[in-house]
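Several structures are given next for inspection.
Shared chain: chain A. Partners: chain B in the first complex, chain C in the second.
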Partner chain A sequence: MTDLRTALPPRTEVVAFLQVAGVYLAIAALLVFNLVFTPNFATVTNLRLQLVQVAPVAIVAIGMALVIASEGIDLSVGATMAITAALLPLYLGYGVWVAIVISLAAGLLVGLVNGSLIAFAGMQPIIATLGLLVAGRGLALVFAEGRLTEIFDPTLNTLGNSAVLGVPISVLLALVITVAAGVAVHRTAFGRRLLATGGNRAAATLAGLPVKRTLVTVYVLSGLLAATAGLLTTARQGASDPSFVGLLIELSAITAVVVGGTPLSGGRVRILGTLMGALLMQLITATVIQQNLPDSAARMIQASIIVAAVYLQRGRGAS
Partner chain B sequence: MIEVRSVRKHFAGVRALDGVSLSLHAGEVHALVGENGAGKSTLIKIITGVYRPDGGELHYRGEPVAFARPRDAQAAGISTIYQEVNLVPLRSVAANLFLGREPVNRFGLIDYRRMHRDAHEMLTRYGIAADVRGRLGELGLGVQQMIAVARALSTEARVVIMDEPTSSLEPREVDLLLGVVAMLRERRVAVLYVTHKLDEVFRACDRVTVLRDGRVAHSGPVAGTTRLRLVATMLGRDIDEVRRHGATTFGDEQRDATGAPLLHAEGLSRRPLLDDVSVDVHAGEVVGLAGLLGSGRTETAKAVFGADPVDAGSIKVGGRRARRWSPAAAIRAGLGMVPEDRKAEGLIADLSVRDNIVLAALPRLTVAGFLSERRQAELVDTFVKRLRIKISHPGQKVRELSGGNQQKVLLARMLCLHPKVLILDEPTRGIDVGAKAEIQALIDELAGLGLGVLLISSELEEVVEGADRVLVLRDGAVVGTFRGDQVSEDRIMRTIATAAEDDDD
Partner chain C sequence: MVATRTEVSTRERRWRPDRAGAPIVLVLVLIGGTVLFGDSFASGQNLRNIALDSSYLLLIATGMTFVILSGGIDLSVGSLLALAGVLTAYGAQWGSLVAVALPLLVCAAFGLVNGLLIGRAMIAPFIVTLAALLFARGLAFAVSSEGNTVHIIPADLLLTRIGQASWLGVQAPVWFALVAFGLGWVLLNLTRFGQAVFAIGGSQEATELMGLPVARVRILVYVLSAALTGMAGVLIAAQTSSGLPTIGEGRELEAIAAVVIGGTLLSGGAGSLSGTLAGVLLLKVIQNLINQVGTLTAYYQQVVSGTFLIVVVLVQLRLARRRRR
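Coming up: the complex of A and B.
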C-alpha cells in the first residue's frame, strides 16, 4: 500500500495539473473518440462547421473571461447580441458600415451602463447585469417590433459566410480576439490592473490604481465583444432574430470560462483555456448529435464537466 | 504530555524541520519562538496532524501516535487556536461557541435557551464581556479572538496550542488572554505558546524553545535566560552585537525638523472616528502616532492618504493643496502608504512578487500601454537587492513568502515611486525579528535621505526609538505631542491613561 502511495504523485499536484491541462486533455480525448467512432468526422466540411458554430460563443466567452477576472460577471451578453441583431436591419438603409458601427456602439453603451452601475453605483455585478439581461432583450424586441427580419446584404453575407484561405472570417476574428485578449492580459498595464482589481480591490485602490476605470473598461469590452458576436451570428443566418439570437449564451460563455480553468473568484484568467473551453462544449454537443444520442445527453455531459471543473478549482482554493 | 522526537520534514526539497525534539508537560506553558521560516508553523502542523513527518516520532501521553487529520488530534484532546480567527462572523456569539456541537432538546432541535445560558457562563468564566446573542462580526477583532480561545477551551483539552494568539489584541486583551493561560496551567493543561513577543514569553511561559532554520537552537527554562540572549539565539547573532545595537535597530541621532512641512494635514475630522486631527511631517523626520487600538491611528493614516473620506480638514503635500483626494491623487502628490492589514489591503496574493512590486509604478513602466519587461526587471531587481527580499525568482507567487518578506514587497511597491512622505501603518507587525530589525533600520536610513515618515505602531518601543516626534491619540483626537528627549514610553503611557481619567469626570 505504501508503495502505491509513493508511486503516485501527490494529490494536489494532480489537481494543479488538471486545472491547467484538463480542458486540452478532454478535447484530445473527444477528438480521438470521434476519429475512431464517428463516420465523416474528419472532413473539412464538418470541422469547419464546428468552428463556425463555436466562434460567437468563443468571442463572448473571451469578454466574459475578462469580466470574471475582475471578480465580476456579465449576464447581459445575450441581450446585447439581441440588441445588435435588432439594430442592424434598422440602419442598413444608411449603408452597411453605418449599421455595423451603430450596432457595435450599442454594445459599447450596454457595457458602459453595466460598468458604471458596478464601479460608481457600487452594485453587485450579478444584479447590475441581470437588469440588462431582462431589459435588453425586451428593448431589442421593441426595436424589431417583435419580428424576425431577413437581411440581404452582400457585405454582411461575406462577413458571415466567406472564408480567407479556407478559414471562415468569424473563426479568424475569434482567433484574432483571443490573441489580442491574451496580449492585453499578459503584456499591458491594463491587464495588470485588471488582475490586481479582481484579486484584491482594496489593495488595488490603495496602490493608486484607477480601479473604477478598469471596471468600466472591462464591461465595455465585454459589451463590444457580445455585439461582435451578435453581428456575426446575424450575418451568418442572413436574418435578424432578436427573440432567439444569443439566448442563454451567457451560460455557455461562463461555462467555457470555468471549464477553461479560470476561477470565478477573480484575479486569475486563462484566455486560451477559455477558447478551448468553448471548443470542448461544442465538441461534446457535436459528438452527441453525431452519435444519434438525445440532446439531453449532451446537457448532462456538459453539466458533469462543469461540476468537475469547479471542483478542481475548489481544490486549489482550499490548499 | 507530548513528546516530539527528532522530527524531520521536507517540502519540495526544502528542509523545514531537521531533527527537532520538544517535550511538553502537563501544567507547563512552553513558549515556541523563532523567526518566520524557522519551522514553528510546520512543527505545530505536525503535532496537530495537518502534516505527516518524513522522519522521527510523535508521542502523546506516552504512546507513539500519528494523527491522520486535525480532527483526530482534536478528538484526542489537542486544541489549537490559530492566529487568524476561524469563526462565522454573521452568526451569533453563542452559535459560534457551539458551532458543530449545539445542544439539542428532545425533539432534536437546537435548544437556544440552554445554548445562550451556557455561552454566557463560558464567557463570564474567561472575563469576556459580550452579548452572546449579538453577531460575532460586530465585535472587535480582539474580542473575537478571545471567543475563539473560549471555544477551543470548551472542548475538554489536555493540550492547547496557541499560534500567535495576541497578534491582533490590545494590551488589555492580552492581559485577559494571559490570565486564561495561567488558568490553564493551574488546571494541568499543557500549553504550547507560539509568539513573536518576548514580553509574553517572560510574563507567561515556563520553558522556551527557540527554533532557527528548522533546528532547535535553544531549549530551557525561561528563568534561566534573558531577553537579549533569546534575541541573539533567534537571530543566530553574537550577544554583544545585539547589546551594542539595542533591541531595535533605530539609530540614536536626532534629526531636526526645520522649514516648511512636506505633509501638512489640518483639522481632519470624520465622525465618530476622527476629531480635528492635525499632523505635520517634515523632510527627514519620523513622526510617530501612538495610542491604543481604535484610538484613530489607522483612521488618521487612511484619511491623510485619501483612502477614507473625511467630513472636514485639509491636506497639503509639498505646500500644494489637493482638491480631489484619493489614494491615486495622494500617490501622484508624493505620498506612499503601507497599510496595516497586509493580506486584506496590501498584497495581491495571486500575482507574483514582480507584479506586486511594480503595481503602483505601472504608468512609468509602459510604452504605449505595453509593459516593458526590461524596465520591470530592473526595478524589481533593484528593490529585491536593496531591501534584501528573499525570493526564489521574481515570478514567485507573493503568497508563498514569509510575512517579513511580504512586508518588504509592499515597502518596495511604495519606495519605487520615490515618495516624499511614507505612511507606515504597523510596518513590523507579525513579522520575524530579523525582518523587523531590517525594516526599522530602513526607516532610519530613508529619513536620513530626507524622506518624511509617518510611523504607526502599537509597540511603544518602536515608536519611542524610531520617531523624532510622537503624537498621542485617543478617541480620534490628539491628546499629547512629544519631541526629542521628551519622548519616552512612560510619558506616552501616562498621557493615554491621564486623558482616559479626565474623560470620566
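Coming up: the complex of A and C.
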C-alpha cells in the first residue's frame, strides 16, 4: 500500500488530500455558496430544520458505517424503520415506554436474524439483508394493515419535536451516537475486532478472534440504530407511516458512508466522516430546493457526487 | 479454474442438486396451486396473466444473470425500466421508430457508462449502479416534468398495435421475452463471450493472465443488462399506453432474487440462465397464489418473497457444503 503510493506521481498527493478532506471542503463550499446566494439560509429556523431532517439518516448511516467496516452491507435498515413505525401504535395502549421498548427490540431482532444468517449460515450480507428488506417492509405493512396511523402521545411528541438548550432531541441523539460509535471503534476491543474482521476475516479467525460474535453484534447495532431512526421519524411526524418511512434510506446511508471516506472493502471506517457525508448530502438537497431546481436535479447531482467521491478513493483499495 | 469449452458445457449439464432446487419447487408449487385453487389458478386467463407479469422480469433477470455471473451487480435496472417507459411515451410523438430507438439507446448509454466506470475505472459495481439508479430515476422525473406530465402513446401507433397484440393466444411481451431469453442462452452457452463471462466471474486475475479482454466483457454485460431492461420498459409502455416515472421501484431486487433463487451464485462464475427462468416463474407464481388466497393482503407477497429468497439460499448453501465434502 505505502510502496504503491510513493511510486505514484505527485498528482496523487492532491487526490490523497481530497480523499481525507474532500467531504469537509465540499461542505464548506456549499455553506459559503448558500450564505451568499440563498436568502434566509443562516437563520436558526432553517439550520435547525436541516439538522432535524438529517438526524435519522445520520443515525442509520453510523450503523451502516460499522457494518461496512466489517466488509458487509445492510440493505434492511429502511424496512427495520418501517417495522418500528408499524409496531409503535399497536403497543401504545400498554404505555408509551412499553411501545418504545418493543419497537426497539424488533430492530434488535432484525439485526440478530441478519447477523446469524451472515455469521453462522455463511450467507452473503447483500442477500441476507435483501431478503429482510423485502420481507421486513411487507411484515410492517401486514402489522399496520397498510394504513397510516396518527399518533397522539405527549411523550413521543416531546421526543420528536422538543429541544434541549435549543438543540432538537433527535439531533442531540445523533451526536451522542456518533461519539459513542467513534469511541467504540477506536478505543475498545470490540472496535479492534471489528476492523480486524473486516480487514481480513481469515486472519482474524486464525488469530482466534470471536469473528462470528463480532459480526452478529455489528448487525444488531445497525438494526437498533435503524429502529431508533424509525422511532424518531415517527415521533416527529406524529404518525406511523410504514409504507413510506425509511424508503430508500439504505441508499442515502450507504452514500453518506462512502462520501465520508469509508472504503466498501472493509477494515477501515470513518465515523465523523460518515456524519459529515450525511450532512453533505442533506446540504446538497437543501441547496437544490432553495435554488428552485426540481427534485429530479437533486438526484442527478447526488449520483454524480457519489461516483466522483468513490472515484477519488480508488487508490485506497476502495474497489 | 478457467473454463474451457468442454468444462463450461459439462458445468451446464451435470446434475447439480444445489441448482435444481428452483425447477423442482416450481413444479411442486404449480401442482399445489392447481390442487388448492383449481380453475381460478389453472385457468388460461390466469396463466396468461402470470406469463405477462413474468415476461418483463424475465427480460431484466436475463441481463442480471450475465452481470452476476461476471461477478458484478446491477442495481440500476428498476430506475432504467421507468426511464425507458417514460422515454418511449415521450418519443411516441415522433412515431414508433423514435419511441423504440430513443429508450433503447439511452439505456444502452447508461449501461456503457456503468460498464466503463466498473470495467475501466475499477469502481465497485454496487456503487456505480447505485448512482445510476439515482440518476436514471432523476432523469425519468425530469422528462415527465417532475411526474406532473404523463406522456400518452397514441392507440393507432404501430408500437401500440404490436405491443398489445397476441399471437397464438400469447401476448406480445411474452414472445419478445422468450426470444430475448433464447438469444441470451445461446450467447451465454455457445459463444466465446459467454465463456469469458463465466471465466471472469470465476477469477478475474486468471482470466486477465489468459489474455481474455476482461474490461471489454465487463463493459458489455452492463450494456446488455441495461438494453434488456430498456426493452422491458418499451414493452410495458406499449402495453399500458403510457410512461410513468414511478414504476420499477424495487425491480432490481426482484431480479436479483430471481437470479439467486435460480441457483446462480452472487459471487459469480457459476450459474445458469435456465435457473433464472425457473426463478422468475417461481416468484411470479407464488405472488399469484398469494393473490388467490382472498384473506391474505398483497403485503404477504413481500413477506413470502423475502422469506423464500432466504430459505432458498440457505438450502443452496447447505447442499453446496455437503457436495464439497
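Convention: the second predicted complex is superposed on the first by the 308 of 319 C-alpha atoms of A that agree within 3 Å, B and C clash if a C-alpha of one lies under 4 Å from a C-alpha of the other, contacts with A are read in each partner's own complex, and residues count from 1 in each chain.
Throughout what follows, contacts are C-beta pairs under 8 Å (C-beta built on N, C-alpha and C of every residue); 3 or more make two chains touch, one makes a residue touch a chain.
Just so you know, these numbers come straight off a predicted model, no measurement behind them.
Clashing of chain B with chain C is the outcome of superposition onto chain A. Of the two partner chains placed by the overlay, only chain C lies in contact with A:S296; chain B stays clear of it.
Look at A:T205: by the touch rule set out above, it reaches chain B but stays clear of chain C. Contact with neither chain B nor chain C is seen for A:E150 once the two complexes are overlaid on the shared chain. More residues of chain A are touched by C (comparison of chain B with chain C). In the superposed pair of complexes, A:E13 makes contact with neither chain B nor chain C. By the touch criterion defined above, A:A196 reaches chain B but does not reach chain C. Applying the stated contact rule after C-alpha superposition, one finds that A:V134 touches chain C and leaves chain B untouched.
In the superposition on chain A, contact is made by A:M123 with chain C only, not with chain B.
For the contact definition in use here, the chain B contact set and the chain C contact set of chain A share no residue.
For chain C in complex with chain A, the touching residues are 73, 117, 121-124, 126-128, 130-135, 137-142, 146, 250, 253, 256-257, 260, 266-267, 297, 299-307, 309-310, 313-314, 317.
For chain B in complex with chain A, the residues that touch the partner chain are 305, 307, 327-328, 330-332, 337, 339, 344-351, 355, 358-360, 362-363, 365-366, 369-371, 413.
By the touch criterion given at the top, residues 73, 117, 121-124, 126-128, 130-139, 141-142, 145-146, 251, 254-255, 258, 264, 294-300, 302-304, 306-307, 310-311, 314, 318-319 of chain A touch chain C in their complex.
Residue ranges on chain A touching chain B, taken from their complex, read 187-190, 192-193, 195-196, 199-200, 202-210, 267-268.
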